[in-house]
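These are the structures, in structure tokens.
In what follows, subunit A forms one complex with subunit B and a second complex with subunit C.
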Partner chain A sequence: MRLFARRSFLIGVILVGAVVVAALLAGWLAPFDPVKNNFRNRLGAPDDVFLLGTDRFGRDVLSRILFGAQVSLRIGLVVAVFSGIVGALIGLLSGWWRGVDVWLMRVMDGLMAFPGLLLAIALAATLGPSETTVIIALTVAYTPRTARVMRGAVLVARAQDYVEAARSVGVRTLRLLLRHVLPACTAPLVVQQTYVFAIAILAEAVLSFVGVGPPPPQPTLGAIIADGRDTMVEAPWIALAPGVVIAMLVLGLNLLGDGLRDALDPRMRRITS
Partner chain B sequence: MLRLVIMRLLAAVPVLLVVSLVSFGLTLLVPGDIASEMAGPTATASDVARVRAELGLNQPPLVRMAQWYGGVIRGDLGRSILLNQSVGAAVLERLPVTLSLTFMGLAVACLIGVPAGLLAAAKARRWPDQVTMGGAMLGLSLPDFWLGLLLIWIFGVQLHWLPTGGFVSPSTDVLGWLRSIALPAGSLALTQLGPIARMTRSAALEVAGSDFIRTARAKGLTEGRVFTRHVLAGAMVPILTVVGIGFGLALGGALVVEQVFSLPGVGRLVIGAVLRRDWPVIQGGLLLTTCIFVLVNLGVDLLYLWVDPRLRESS
Partner chain C sequence: MLRRRSFTTGLTAASALPLPAIAQSVGQQGRKGGDVIVAMTAAPPTLDAMATTAAAARNVSMHLFESLYTRDEGANPKPELAEGVDIAADGMTYTFKLRGGVKFHNGKTMTSADAKASMERYAKLGGSKDALKTVAAFETPNSSTLVLKMASIFPGLIEAISSPRAPFVIVPEEECGKPLGQIGMIGTGPFQFAEYKPDSHVKMTRFDGYAANTAYQKRDGFTGKKTAYFDSVTIRIITEGGARTAGLQTGELHVLETLDVAAAKRLKDDKNIKTYTMMPWAFLTLMMNNNWGLTAKPEIRRAVQAALEVEEIAAIASDGLYRLDPSWQYPGTNYFPGVDGLDAYVKQSQAKAKSLLQAAGYNGEELQVICDSSIKWHIDAATVAAEQLRAAGFKVKLNVMDWPTVNAARVKPEGWNLWPLAMGIEPYEGPYNVVGFFAGSLPVQIKPDPVIEDCNRRLATQLKLEDRKAAVKTFQDRLYEQAIAVKVADIGVIQATRSNVMNYEPYRIPRMWDCWFA
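After this line comes the complex of A and B, so read on.
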């Protein structure tokens, strides 16, 4: 496949693939229970038993990171899918019917006016800390961008001759949208949601870091960093290691998104190689 | 021109309406009882009743909404019981810290990102391009709060060059202020660099194909001058756009970075309020921060007109 011939895309696949495999096999790979305290091994430096050391409750940092990566990936994926579905729906409505367009886009503009993270933090705090809450908060914060991208794609598609032709031979609106317009918009939608996946992982880490993520003792990458923040001097490994995993995931997903965009939209390749 | 400015200003009205509705609506979404939550676990029934009355929670939502809007219009965002201070004063007091951090971070990001993007465009597809774009990509993938901790560890804990947290006001000690803000601004800048450099590069490449660039080359300008003078000018609108978007991202990032470096800014106020469930502060902080963001975007919109004369004529 031509996509894999591109070096950056390949790096993206490797980075994301490595974390996904490690996270999926966490139950099997993790050497210790991620939530079991062991006060005899508090703040232990990395050695050959605890490869990434232990935290202030004596929990194995590597095991916590493996299970934390599971949470990050799950939240990121669900947010990408949900905001993709909702955003696509809003974009379709808005791009097709001018009457609702004005209203829907004003609401989207309003939501986009918030700094995304701040809105997500406020929403997550409002609804109470849980994984579901984080997913809802991030979906609300990041759907408007998807809706905008989708609306743009629908506007382009509806001006195409084949859509006009389908309309003139009497294809019903619903069928027209699903069979003729939607397929033309999937490429930009998929690319956009790859970026949303990456943004959601970063944002989840921030939410967990400031304390409105899934509640403890659930390990999440952001919460492990928050734990390690207080012991930066004695035990810097606690805070530093999870960040590397987040960076791998986000960098990998961004590279995947760029690769997909270049492959799906040849016009862009000249500009972004 | 004036008509255009007024149109842009009017376009901000529905945005602010949605923003204020969401800010107010948050309290309607709280699953539990706000008054007993705010009064604390040891509060008696009369304490809770007092808090409820003080927040006006014993009135129906529509009345509360009318009162809240009435206050907002008069510039009164309510009172924080926990801080014993009006929300407006609490936010305004901390705003300079947040804004100076945001501007410093963004300024450093622009000073490095725009030249890096131009360089990448001038050397497109050769090694300087690949190195800068690789770096930009890495930068925008790093969590800024984590980068802050990394910088603290390197420059504060290991090298002892810079303080690991705390804030010094520029009015008392300018050098101390610079030192206190260097690491936070640095971690913000590193994550903001990426989008700015990437956007500069792609805008510059698009402009580099235009006729007027060929003319500039044909009249014998050096390649450096072609890029710094003509390509940069042509690429200014997309760069400004990304700086405007970058401001929002940097502002959001600053709120979290403050938390890492214990800077007394709006971020720590709002996040502290979130953890203590201090609703008036959450609502007011959200509203005011977003208004600033909207105003900055409006400013960027108006800057376009100044930078690109074609937009002025088309109005």
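After this line comes the complex of A and C, so read on.
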């Protein structure tokens, strides 16, 4: 377990693990219903009953964060997986078949010409706010980056001697791609998708903050921060607590990604060993 | 000989409307000078006062322009550029005697030709031009008299033309031929236009040729004896609530159109800031579509009515600035129909809601709630109502959109069941646009209701006030009995100034006349 010997990777695992475990156990850990209003207990400061206070609706902030983290993690994970699959496919096609490369990459360049977040906001605003919309918007926004990384890895792999050798002995293209090229590209893909996971969580928070995320009362980390925006001075706990959770998640995922990159990249292994 | 009645003394309900007391200006001496900076929450779509119903435009136009009649402190019609009006007993002729010596900002003296041309322009492109559709002709027998000849009676004419919604302003005759949005900003108000930088600010300077209305002792709503003390007024467009609050705290802003309730509570002990509560400001309502889906059935609408705890909705949506008031007119106003018999409708009863749902054969179909995310009152009311309805057994889908999309969706006959709306200017104006909202060619509930249509007709044709009040009472009873809409509560806003702004009194807009810097 050389990975766990790296302190940054270990910190990343602890940070992400803590949030993931808390989110998975939200049903048991949350002391209150996260959407239950109580107007007689609005903007209550943290105390021994409401550990992180209450929001403008009188809802328990801790319960909302636990369930909100579930939604944010789910969105981040699904976006990372979907953009990984689609991006990998596009990158594989583009890197292998030079005829389609120019067309696919121009499309990807076109999408990348828009800042990812802006593109996601435009798509989410057009499709209407929902969790599915956020997933679609972020997948579209972040697939081109994955495709670019994958294409580069395929271009390197296809020039390798073992690939040339396999081609020369008549291995079929599909088998060649799946057995020899794709495994060679897995490391950069995995590292890239950990970053997409982190960026998607941040982007979901932004989309919810600007009002195009999942509709209320569904808690998401960004929506909870947006709820606390107007009362940052009077009730800072509403926005601060989910902000800390997002920071933990994003920092943790980045440290995880860095650790994976260092472990999977042979050149980095040589430098650090 | 025709019997005539006069509006010069105005209507009598001001004392009963729970608005802030009229300024304590008697005995205080104003001081001229300074540039007062006011923050408003949105940019005006146009500064053509007649053409737009946008609240942001009123912040500017009510300083620059005046009308024949406007509203006093209690929202009742009172003369402004007219000395008064004589209404023929048959309701077919309105004779306005104009005030003498009133100057426009370009130095020209106002005459009846300007009033006639302005009203004719309004009839073509005004934001509330329907108010003039029963006018057959505008006549000017002399330079100080304007006569409106009616094609049919419309007892609400003075209420309509005195509304500041899209004000019936008087501008120079030569400006009236200009197209929408291209009119010169020349009025008779206490301030004159200086510059407009879109998305930044509007600047106005004191009009030293202003002819104050000596028929009044002091300011009174939008009318009264107005005196401009500030050298200039700069109205800045600042959409972010936190930025407005910070600007007020640092002294970069002197007056806020609205201050967040939580911020107001925090700043209540700040000696540099004064806060003013405007209650009532608006009706918070939930409109139902009686034409489509679940809410086409009266039993389901009654189940919605029974499932809602209006106090919780009001408290959360207004941040605690509300008063429970089931009436569809403000208490103390001329048309207030009372609240007798409404108890049974306004008390939440989940058991009643569930039994009504069962009786209606409810089978888990989705109740479609549409709301915008731009206005906090709306999205908060929808969020709380949706949870209450779910608790009563409804399956609810909350569709959050932007304001233009919701406005387009809610006029469609299908696709929505419940729509939250804060009605701001309509109840301030009186009953015509409240009842009218549920009647005519595009009733908010989509399918016209024959009883409400009749109320609207009676309101528009009955010459006796008592008969019109009876129509409003019938309208209110019908809304509750048929559960066409839910009146949640009256909600308020907070305006604020720096402490050195003297003699300020809150109103529908921040009025920058009759106040000054210490």
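Here is the rule we use: the second predicted complex is superposed on the first by the 266 of 273 C-alpha atoms of A that agree within 3 Å, B and C clash if a C-alpha of one lies under 4 Å from a C-alpha of the other, contacts with A are read in each partner's own complex, and residues count from 1 in each chain.
Here, a residue touches a chain if its C-beta (ideal position, glycine included) is under 8 Å from a C-beta of that chain, and two chains touch if they have at least 3 such contacts.
Fair warning: this is a prediction, and the values are worked out from it, not measured in the lab.
Q: Per the contact definition in the header, classify A:57: touching subunit B only (first), subunit C only (second), both, or neither.
A: Touch partner of A:57: subunit C, not subunit B.
Q: Just checking: does A:116 make contact with subunit B only, subunit C only, both, or neither of them? Give me first, second, both or neither.
A: Once the two structures are laid over each other on A, A:116 reaches subunit B alone.
Q: Applying the touch criterion given at the start, work out whether A:37 contacts subunit B, subunit C, both or neither, answering first, second, both or neither.
A: second
Q: Counting only touches as set out at the top, which of subunit B and subunit C does A:233 meet: first, second, both, neither?
A: A:233 sits against subunit B and subunit C alike.
Q: Looking at A:255, would you say it contacts subunit B, subunit C, both, or neither? Reply first, second, both or neither.
A: first
Q: Would you check which partner chain A:202 touches, where first means subunit B only, second means subunit C only, and both and neither mean what they say?
A: So A:202 only meets subunit B here.
Q: Who touches more of subunit A, subunit B or subunit C?
A: Comparing subunit B with subunit C, the partner touching more subunit A residues is B.
Q: Between subunit B (first) and subunit C (second), which, if any, makes contact with A:217: first, second, both or neither?
A: second
Q: Quick check on the superposed pair: does A:128 touch subunit B, subunit C, both, or neither? Answer first, second, both or neither.
A: Both partners.
Q: Touching subunit B in one complex and subunit C in the other: list those residues of subunit A.
A: 125, 128, 211, 229, 232-233
Q: Once bound in the complex, which stretches of subunit C touch subunit A?
A: 241-242, 260, 262-263, 265-266, 311-312, 315-316, 319-320, 373, 376, 379-380, 383-384, 386-387, 398-402
Q: For a test of understanding, state which residues of subunit B touch subunit A in their complex under the given definition.
A: 14-19, 21-22, 26-27, 29-32, 124-125, 137-138, 140-143, 145-147, 149-150, 152-153, 157, 164, 198, 202, 205-206, 248-249, 251-253, 255-256, 259-260, 270-271, 274-275, 277, 282, 286, 289-290, 293-294, 297
Q: For subunit A, which residues are in contact with subunit B within the complex?
A: 106-107, 109-111, 113-119, 121-123, 125-128, 198, 202, 205-206, 209-212, 222, 225, 228-229, 232-233, 236, 239-240, 242-243, 246-247, 250-251, 254-255, 258, 270-273
Q: Under the touch definition given earlier, write down the residues of subunit A that touch subunit C in their complex.
A: 35-37, 39, 42-43, 56-58, 125, 128-129, 211, 215-217, 229-235
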